[in-house]
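Before any comments, here is the structure.
The letters A, B, C and D name the chains in turn, as written, and every chain counts its residues from 1.
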Amino acid sequence: MAIVMQQGALTEFLAREFAQVANDFSVTRVEEDLLEVRLNVADRHLRPGGTVSGPSMFALADVAVYLAILSRLGPVALAVTTNCSIDFMRKPAAGRALVAQARLLKLGRVLAVGDVLIYSEGTAAPVARAGLTYSIPPETKGGA
Amino acid sequence: MAIVMQQGALTEFLAREFAQVANDFSVTRVEEDLLEVRLNVADRHLRPGGTVSGPSMFALADVAVYLAILSRLGPVALAVTTNCSIDFMRKPAAGRALVAQARLLKLGRVLAVGDVLIYSEGTAAPVARAGLTYSIPPETKGGA
Amino acid sequence: MAIVMQQGALTEFLAREFAQVANDFSVTRVEEDLLEVRLNVADRHLRPGGTVSGPSMFALADVAVYLAILSRLGPVALAVTTNCSIDFMRKPAAGRALVAQARLLKLGRVLAVGDVLIYSEGTAAPVARAGLTYSIPPETKGGA
Amino acid sequence: MAIVMQQGALTEFLAREFAQVANDFSVTRVEEDLLEVRLNVADRHLRPGGTVSGPSMFALADVAVYLAILSRLGPVALAVTTNCSIDFMRKPAAGRALVAQARLLKLGRVLAVGDVLIYSEGTAAPVARAGLTYSIPPETKGGA
């Protein structure tokens, strides 16, 4: 399925629709097989010890797959997260951004499924992985 | 396994160790079979439309099971979330607190497992459910 | 939502539609809040050491929530499992049946969500827990 | 981490330790980044309509990651599945084998995490994906 929203359009969409969190995230790659989002780590994302919190990693995984869906369906998409299974595997490196690489595995009539690997920027071993499912409401089919 | 930290001790622990988020949560019940935590919903937890965000519900589920473990192991526990599978089932009611009811299903030597139901306060149908696993580092066994 | 298929009707449905596995399972309770299914453990369910295999526990969890959905929607339901997250928490007791207790948490227009605890018969601590999601095809709405 | 058991050794291990199911599976590739296992579909794996059953796909995902761990730890490994989250995304093609491609994402001191994509042989879109966690008992460290 073709990409109908590129990096710039996704960034604008985030800023317009999710103003509260838009500055947390940068869309860094939008490709057929991969959408990459960066978490610009700030104090509010940290736990004692300087580690990025679980909820911040969850938010990053969620936004990455959400944007991957949006990149195919266009700006009217109102996909709703219905399930996320996330594994926290390693402690993120202190003082580094996190990068999520999301792949869309299914974009069906009512459900979309994607998975994500999250890395500390510049590090080879992933800190987390997640699989997410989204429900796509009927009115968004056929896109904008 | 006996409860070694009650409501007051857990609240103090949150305030001391997780100052950034401690005001988000109130520990409302600590029982053998159930630990209840309330998310005091504020603007920063909301998405457009006034719905509590997924990451905020994830954070609530996570803290509820974490505190359930702590209530048995005592204040030295440094359990680390290793997995969470969460289902978002209904849109939370606007303008209401969320309440998480957590049960500990296993508290083993190296792993603890709990599950959680999240409700809009005063509502019978759960908005989310989650199962979480925590790794318990060796040094915390036998706890303070 | 009212129960429209009771224990006998569910058992007949299993025998008719899932003849290959119907003898593995006995529906033992059908209540508003709880559907209970027993795995009649045979050699084909065991791993070396006499432990019930993971896939057999998965099958038990799956059939229990599936039947809970069926008990509300009637015999034409063709719900399809879309996600299962299962935690294996303890080794099942050798030489005992397994019992799954399933609750339906959501029965929506397109998705149903249930969770399950699995016990070795006569034992208090659960051996596994699972959360499952089913997609309900449009043609089954309004039931038989 | 180096591969210490290749295709032949893994196949022998399955035949010796899991005789009941060994014929169901063929280890087809063992590489640094990928272990591939084929489910030799037989009647016992099918549901009405000729579709491979959910429990058979679960079993395939489980064995694939298990063998990926074994390929690094050697034949004494007694890893135990503690969690699996599996998404069933498409109906498997009738009359075809299923192929699971597993990657090991973490092989830690106490936990290993892998993920799997399952395909109908010769088909590009995956029918299922799964993430699995295994607990590694202390006695197996340093392996045979």
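Following the convention adopted for this analysis, a residue touches a chain if its C-beta (ideal position, glycine included) is under 8 Å from a C-beta of that chain, and two chains touch if they have at least 3 such contacts.
Please read all numbers here as calculations on a predicted model, not as lab measurements.
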{"item": "Chain at maximum distance from subunit D, centres defined as averaged CA atoms", "value": "B"}
{"item": "Contact-richer chain pair (by C-beta pairs counted) among B-D and A-D", "value": "A-D"}
{"item": "Distance from subunit D to subunit A - Cα centre to Cα centre, in angstrom", "value": "28"}
{"item": "Chain centre separation (subunit A, subunit B; CA means) in Å", "value": "24"}
{"item": "Gap in Å, rounded to a whole number, between the CA centres of subunit D and subunit B", "value": "33"}
{"item": "Set of subunit C residues in contact with two or more other chains", "value": "82-83, 85, 87, 89, 133"}
{"item": "Partner subunit A, residues of subunit D touching it in the complex", "value": "85, 87, 89-90, 105-106, 108, 113, 115, 117, 125-126, 129, 131, 133"}
{"item": "Touching residues on subunit C, where the partner in the complex is subunit D", "value": "17-18, 20, 43-44, 46-48, 53-56, 58-59, 62, 80-89"}
{"item": "Contacting residues of subunit B [partner subunit D, same complex]", "value": "82-83, 85, 110-111, 133, 135"}
